[in-house]
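Each in C-alpha cells, the structures are laid out below.
In what comes next, chain A is part of two complexes: it sits with chain B in the first one and with chain C in the second one.
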Partner chain A sequence: MSVSALLLERPGRWRPAGLAALIVVAMLPALPLFLTLFQGPDLPALKAARSFAPLAARSMATAAAGGLVSLLVGGFAGITQCLYRFGLAALFRFVMLLPLVAPPLLWAVGFRNLCRWHPGASFLFSGWSGMVSITAITGVPLVMLGTIMACNSIGNSQCLAARLAGGEKTLLRLVARQVFPVSLLAACLAACLTLSVPGPAMALGVKSAVSEILLSFSALYNLKLAALQSLLLASGVMVVMGAAMVFAGSSPATLLVSVPGKLDRIHHRGMSFAALVFHVAAAAIFVLLPCAGLVGPAFSSPFYPQVVNTVARTLGNTLFYAGGAGLLAAFMGILAVFFMGRFNKYRVAGFCFMAVIIALPPALGALGFAAAAAHAPAWADLLFRGGVSVCIVQGLRLFPFAALAGARFFASMPPSWVYAAEMQGVDFWLYTRKVTGTALLRIMAVSFLTGFLLSAADAGTVLLLHPPGAQNLPLAIFTVMANAPAGLTAQLSLVYIAAAALFLSAIMALERGLSPKRINNRPG
Partner chain B sequence: MKKTVLFWTLLLFLPLASCNKGGDRQVIVYTSVDDIFARPVAARFEEETGIRVRLVTDTEETKSTGLLNRLIAEKQRPVADVFWSGDPVRAAVLAKKGVSAPYISPASRGLPPEYSDPDGYWTSFSTRARAIIYNTERLPGAIRLSSVFDLNSPALKGRACMANPLFGTTSMHAAALFQVLGRQGAEKFFNDFITNGGMILGSNGDVKDSVAAGDCLAGLTDTDDINVALSENLPVGFVFPDQDGMGTLLVPNCAVLIKGAPHEEEARKFIDFLLGPETEEMLAASMAAQIPLRKGIKGPAVYPPLSDIKAMKVDYRSLAETLDGIMQGFLKEWVESNS
Partner chain C sequence: MDLSERGFTLRNVSVCHNDRAILSGISCSITPGKAWGILGRSGSGKSTLLRLLAGLEVPDQGEIFLDGKLVSSGGKIVARPAQRNIAMVFQDLALWPNLTVLENVTLGRHGADMEARALRCLEQCGIRHLALRHPDSISGGEQQRLALARAIAGNPSYLFLDEPFNGLDLEIKQEITGYIARLAAENRITVLLVSHDPFEILRLCGNALVLEQGMIAGHGSLSTLLENPESGVIRAFRDVIDAASGSACPGYGHPPGRRFHAPAP
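Up next, the complex of A and B:
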C-alpha cells in the first residue's frame, strides 16, 4: 500500500489518539494495583495509610530542598557551560553527568562511609540532610542538561545584543530568565525521581515514604496498604509536577525540541574564572566527595574474588533487564515522536503527560505487576514472573527520555525534505527507510543507551519483580550493603561507577556524531 | 549505515544472549540468611551436586518477614522449593499455615533435637546468638553490661539502640522476652527502653554501624553482625547477656521443605547438604561466625562453644504464636508510637 511521505507533516486525529494510547499503555502496569483498592474497604490499611501522610510530606519537603539546590547549582553550571570558555569544561560536564547514570544508592553508600571515617561530615551527609544532598547529586546533572538544551535554543545574535545592551550581567539575567522554566521543571523532576527510590534512605538509615511503601509490600505483603501509600505519594508528585508545568507554560516543550544549535562560547576573564571555580567546587562536593567515601574502604581490604563473583553472577541479568528496557523505551519513544510530529500542542500535551509518567514512583508499576502475578495463571508466568516483567515496567517508564531525544532529532530535519520527496514521488516507506531511517537508527541508539543506563541503575523495580536468583548489580549491592564489610560494598559500587562512566562516554561520543550539521550533510 | 545496522542486530540478540540458562537441574531457595553468608554455601552445593541454586535473599530491613509473607502468598502455587530460615520462628509459622512439608533428613543425625520440630517440619543447624554490642572507645569503663536490662540503665540514657522489633531476629527476641518474662515484664522492658531514650533503628546492621560510629554506646544485635564489625577492626566489643539469669537467646538456622515444591528431589538434596557437618563448618569459618549445634565441629574463634553458653529456655514452636499475638498488638503500637 502506497502511503504519502507527507503523512509525517500532516495533522490528523490519529496523532492525539496514538499519543493517548501510548500514555495509557505506559500506565497499564499500575492498573492492577489500583484495582486492589476496589476489593472492599480495609480499615487497618486506611488507618496506616493516614499515618503515612506526615512521612510523605517530610519526604517531599526533603526532595524539594534537594531540588532547590540542584536548580541553583545545575542551572548556573549549565548556563556557564554554554556561554563561557574555561579549562577542562568537557571533563567537568562528564564528571557532573556521572551521578545521573549511577544508582543514587551508591552515592549514599559513599556518604555513609564518609560519615563513618569523618564524623564531622554527618552534619551534611547523614540522615535527612544526607537525603537532601543525594537529591541534589541526582538533580544537578538533570538540571544542567535541561539548561544546556534550553540555552542552545538561544541565538548567538540574541546573546550579542544582550551583551551590547548591558554586559555580562544583563546577558546572564536574560538567559537565566529564558531557561528558568526548563531548569525548574528539571529540578522538580529530579526531586520526584529521588523521592521514588528506596536505596538512599535505607543506606542513610532514614525512614522515607518510598522505603515505607517497600516495607508495606515486602515485609507486610499488604498490597492494599502499598497501593494506598503509592497513590498518596503519586498524588503529591502530580500536584508538584502539575504546578511546575502550569508555571512553566508551553515554553519548555518548545525549547527542548527546538532545532539544537550551539552558542559561541567566549572567554571572559571574570566569568570564565568564576565558572571554573564553581565547576571545581560542584564536582568536588557532588561527585568526588562521595567517591572518596567509596575509594577509602575499597582499598583498605581486598574482596576481589567476591567482587568478581558478584559481577559475573549479575552481569547477564543487568544487561538483560537494561537491554530489554532500553529497547522498549527506544521503540515507544520513536512512536511518541511520530505521533507528536512537529505540532506544538501535541508536544506540550505529550511531554506534560510523559513528565508525570517519569515522576511517578516506579513502585506503582512494579507493585501492579506483582499484584497481577499473584492472580495470573501458570501460563502467564513468563510475562509476570520472569525477567521480561522487569524490562516491561522499566521500559514503559523510561520511554519519555527516548521520546525527548527523538523529538530533538525530528526537529532538526527540515520539513522541506518531505515536500521534496512527495514531489519526486517517493512514498512514506521509502522515505523512512532511506532518509529518516538512517539517522533514526543512530538516534535510537542514543535513546537505547540512555534507557539502558537509567534502567541499569534501578534497584527498586528489580527488587520487587526479579525472578528467583536473577539479581542485577545494583540490587546485589542493595542487598549486601547492610551486612557486608564496607570494603566489599565500596568495591562493588566503584565497579558500577566505572562501567557507567564508560557507557556515558559512549553516549556522549554518539551524540557528538548526531550534530545537526552532520545529519544534514548525510541524508542517505 | 552498516555499522548502525550491525549495532542494532547485536542489540536485538543481547537479551537472548544474556538469558538465564534453562533446562538444567535447579533448586529455588528463599533465605532470610544474609546474602553474603548464604551464597558461599549455595556455591559449594552447586559444585558438589551440579544442581543450580537460585537464591532469593531479602533486604536487611524486611528480613525474614518479607520472604515469609511471600511464601504464604505463593502457597497455592509455590515458586520456592526450600526456605532456609535464619530463625526457627518463621519456620514454625510456615508449618502452622500449611506452607511447609515434613522432611526428616538422614543428614540431621548428630544435631540436638531440642532445636528442631519433632514432626520434621523444620530442622535446625548452626546458630547465632542475640548479643549486646558496645563501643569500646566511648563506653565508660565503669559501666558493666551483663544483661539486656542494662540497656535501660541511666548510664546509657539516650545512647542505647535496637532494631525495629517488627522484623527479623529482633522480633523473635521480643517474642522470647514475652515468653520468658511474661507479658507485664516484657512490656515493662520495652516501655523502659523508650523512657530511657532508647533508639529504634532500621536493622541489626544499623545497630552495629551506630554503635561502631559512637552514636549509640550499646545495642542489641546478632553475633554475625558483631563479627563483621570485629573483622573490620571497628571499636566494638560484645557480651552474651544474662548468663547469670534467663540466658542468651540462640537463633539457629532452619531448613524447611516447601509443600508442593516444584523441584522436590533437588530440594531434599539441598536440605541434606544444609544439615550436614560440612555446612556447619563453613558457617563457623565464614564471616557469619555461626556456632555449630553439633558436637565435635570446630566453632568460630571469636565465640565460645555452645556448651559454654547458657541458652535462654524458650519453646521455639510456641514462640510463633506469641510473636503473632504481639505483632498485631503491643509491638505494633509500640513501634508506631515511638519510631
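Up next, the complex of A and C:
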C-alpha cells in the first residue's frame, strides 16, 4: 500500500489520539491498584496510611535536598562541558554518567562500607545525609545530560555576543538562565526516581517511604495498605513534577530536541582550569568515593566462586527482563515520536505526561500488576505471573527515555527531506527504509540499550513481580546485602558496574554517530 | 477566471498557520512558458504559495487548478505532488546524505532507463563524475547542481525554486542561474522562483507575482510592474536596481544605465 511520506510532517487528529492511547497504555499497569481501593473501605489500612504521611514527607524532603545538590553540580558540569575545552572531558562525562546506569543500591553499599572503615565519613554518607548523597549521585548525571542537551540550542554567535557584552560571567549567567528549566526538571525527576528506589534506604539503615511500601506488600501481605501508600507517594510526586513543569513551561520540550553540533567549545584559561578541577572533584566525590567503598572489601576477601555462581544464576533473568523491557521501551518510544512529530504542542503534552510516568514510583505499576495477577485466570499466568510481567511494567515505564532519544533524531532531519521525497514519488516505506533506515536502526539500538540498562538497574519492580527463584543481579545483590559478607556484595556490585560501563560506552559510541549529516547550500 | 487555460489557477485560496493568516483569499493564474518570480517581504507567504502549488501543503479554503483540473481544494489534496509533474529545489537543497549522488536522483523513480536518464541529467549539470560520491563530500556549488539534476530528472513541466541561492557566493550564483536558464530553455520548463534578490529575479524571470501580507499586490509582466510600481515591494525592488545600475558595481552583469532589463516574457 502506498502511504505518502508527508504523513511524517502533516498534522492530524490521529497524532493526539495516538499519543493519548500510548500514555493510557503506559499507565494501564497501575489501574488495578486503583480498582482495589474502590472495593471497600479498609479502616486499619487507612489509619496505617495516615501514619505513613510524615515518613513520605521526610523522604521527599531528603529527595529535594539531593535534587538541589544534583541541580548545582550537574548543571555546572553540563554547562562547562558544552562551553569549554578541558583535558579528559569525554572521560569525565563517561565516569559521571555511570551512576545513571547502575542501581543506586550499589553506591549505597559503597558508602556503607566506607563508613565502616572511616566512621568520620558517617556524617556525610550514612543515614538521611547518606540518602541525600545517593539522590545527588543519581541526579548529577541526569541533570548533566539534560543540561548538555539544552545547551545544544545555543549557537556560537549567541555565545560570542554574550562574551563581547560582559565576558565569561555574562555568558555563564545567560546560558544558565537558558538551560535552567531543563536542569530543574531533570533534578526533580532525579529526586522522584531516587524516592521510589528501596535499595539505598535499606543499605543505609533508613526507614524510607518506599521501603515501607515494600514492607506492607512483602512482609505484611497487605496489598490495600501498599496501594494506599503508593498512591500517597505518587500524589506527592505528581505535585512536585506538576509544579516543576508549570514553572519550566514549554521550553524544555523544545530545548531537549534541539539539534546538536552548533556550539564550538573554546579553551579559556581560567574557566577551562576551573571546569577541570570541578570535574575531578565531582567524579571523585560522586563516583570514585563509593567505588572505593566497594573496591576495598572486594579485594580484601575473595569470594570468586560465589560471585561466579550468583552471576551465572541471575544472568539469564537479568538479560531477559532488561532485554524485554528495552525492546518494549524502544518500540513505544518510536511510536511516541511518530505521534508527536515536529509539532511543539504535542511534544510539550507528550513529554509532560512522560515525565510524570517516569517520576511515578515503579511500585505503582508493579503492585497494580500484582493486584491484577490475583484475579487473572490461569491461562494468563505467562503474562501476569511470569518474567514477562517484569518486562511489561519496566518497558512501559522507561519508554519516555527512548522517546526522547528518538525525538532528538527526528528533529535533526529537516522537513524538506520528506517534501523532496514526496515530490520525487518516494512513499513512506521507501523513505523510511532508504533515507532514514540506517539512522533509524541506530536510534532503535540506542533506545533499546538505554531501556536495557535502566531496566537492568531496577531491583524494585523485579522484587515485587519476579517469579520465584528468578532474580536478576541487582535483586540478588539486594537480597544478599543484609546477611552476606561485605566482600561478596562488593564484588557483585563491581561486576555489575563493569558490565554497565561496557554497555554505556556502546551507547555513547552509537550516539556519537547518530545525527544525520546536514547539508548546507554553502560552498564546500 | 478561465479554468480551461493552461498552468495554475488559484481561486480564493487561504492558508492559516496557528490561527495566523498566511495567505488570504488569493486568486490568480500562473501561465506556463514564462518564468515567474515570486516577490514579497519575509513572512508574506511566498514559500507557502510554492508549497501549495506543489501539493505539499493543503489550502484551508479555495481551490487550485492545474491545466483546468482540480488539484487541491479546501482541506484536501486531490492530486499528489508526484502527479503534478513538478520539481522543486529547496532552500536547504534537501539532499539525502546517506545516499550517493546517483541514488539521490533515482530514488523513487521507475523505468528501465531511469539510471541512464539520471546520468544524462547529471551530465547536463556537469557532475556526472560525482555520481558515486555522497552529497556531503562535494562542494556547495556541486550540491546545488545535484539538486537541479534531481529536479529535472523527472522531466517536469514546472521547476519551483525556493530561495535556493542563499549562502552562495556571487560566482557560483552566476553559474547556477546560468544553468537554470539553460536547462529551463532546453527542457521547456516553466520556472517559479522565490527570492529576495532582485537581480536573481531580473536575470531569470519575465513575470512576477508580488505578495504583501498574504495578498496579491501585483501580478503580470515584470517590466510592466516595474514601470508602474504600485506596491512597496516593487518600489523597493526598483530602487535597488536603480542604485545598482547607477553605480560602478552593476551586480549581475546588467549594463549600467539600462533600467528594468527583464527578459522578454
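Points to keep in mind about this one:
Heads up, the rule we're going with is that the second predicted complex is superposed on the first by the 514 of 524 C-alpha atoms of A that agree within 3 Å, B and C clash if a C-alpha of one lies under 4 Å from a C-alpha of the other, contacts with A are read in each partner's own complex, and residues count from 1 in each chain.
In the analysis below, a residue touches a chain if its C-beta (ideal position, glycine included) is under 8 Å from a C-beta of that chain, and two chains touch if they have at least 3 such contacts.
A quick note: this is a predicted structure, and the numbers were derived from the prediction, not measured.
By the touch criterion defined above, A:Ser416 lies against chain C but remains apart from chain B after alignment on the C-alpha atoms of chain A.
In the superposed model, A:Ser4 makes contact with chain C only, not with chain B. Residue by residue along chain A, chain B and chain C are tallied for touches, and B comes out ahead. In the superposed pair of complexes, A:Leu430 makes contact with chain C only, with no contact to chain B.
In the superposed model, A:Val287 makes contact with neither chain B nor chain C.
By the touch criterion stated above, A:Arg116 is placed in contact with chain B alone, chain C being left untouched. Of the two partner chains placed around the shared chain by superposition, chain B and chain C are both touched by A:Thr438. Touch criterion not met for A:Leu398: it reaches neither chain B nor chain C.
By the document's definition of touching, of the two partners only chain B reaches A:Phe320; chain C does not. The interface of chain A with chain B overlaps its interface with chain C at residues 438. If you check the complex, the residues on chain A that touch chain C are 4, 6, 10, 414, 416-417, 419-427, 430, 434-435, 437-439, 516-524. Remark: chain A residues 51, 112, 115-116, 119, 202, 205, 207, 211, 214-215, 218-221, 301, 306, 309, 315-317, 319-320, 323-324, 327, 374, 378, 385, 387, 391, 438, 441-442, 444-445, 448, 463, 467-470, 476, 478-488 touch chain B in the complex. Those residues of chain B whose C-beta lies close enough to touch chain A in the complex are 1, 4-5, 7-8, 11-12, 14-15, 18-20, 28, 30, 34-37, 43, 53-62, 65-66, 69-70, 72-73, 77, 79-80, 166-167, 201-203, 205-206, 209-210, 212-214, 224-225, 228, 231-232, 287, 336, 339. Across the complex, chain C meets chain A through its residues 51, 54-56, 58, 80-82, 86-88, 90-99, 103, 107-109, 135-136, 138-144, 150, 154, 164-169, 172.
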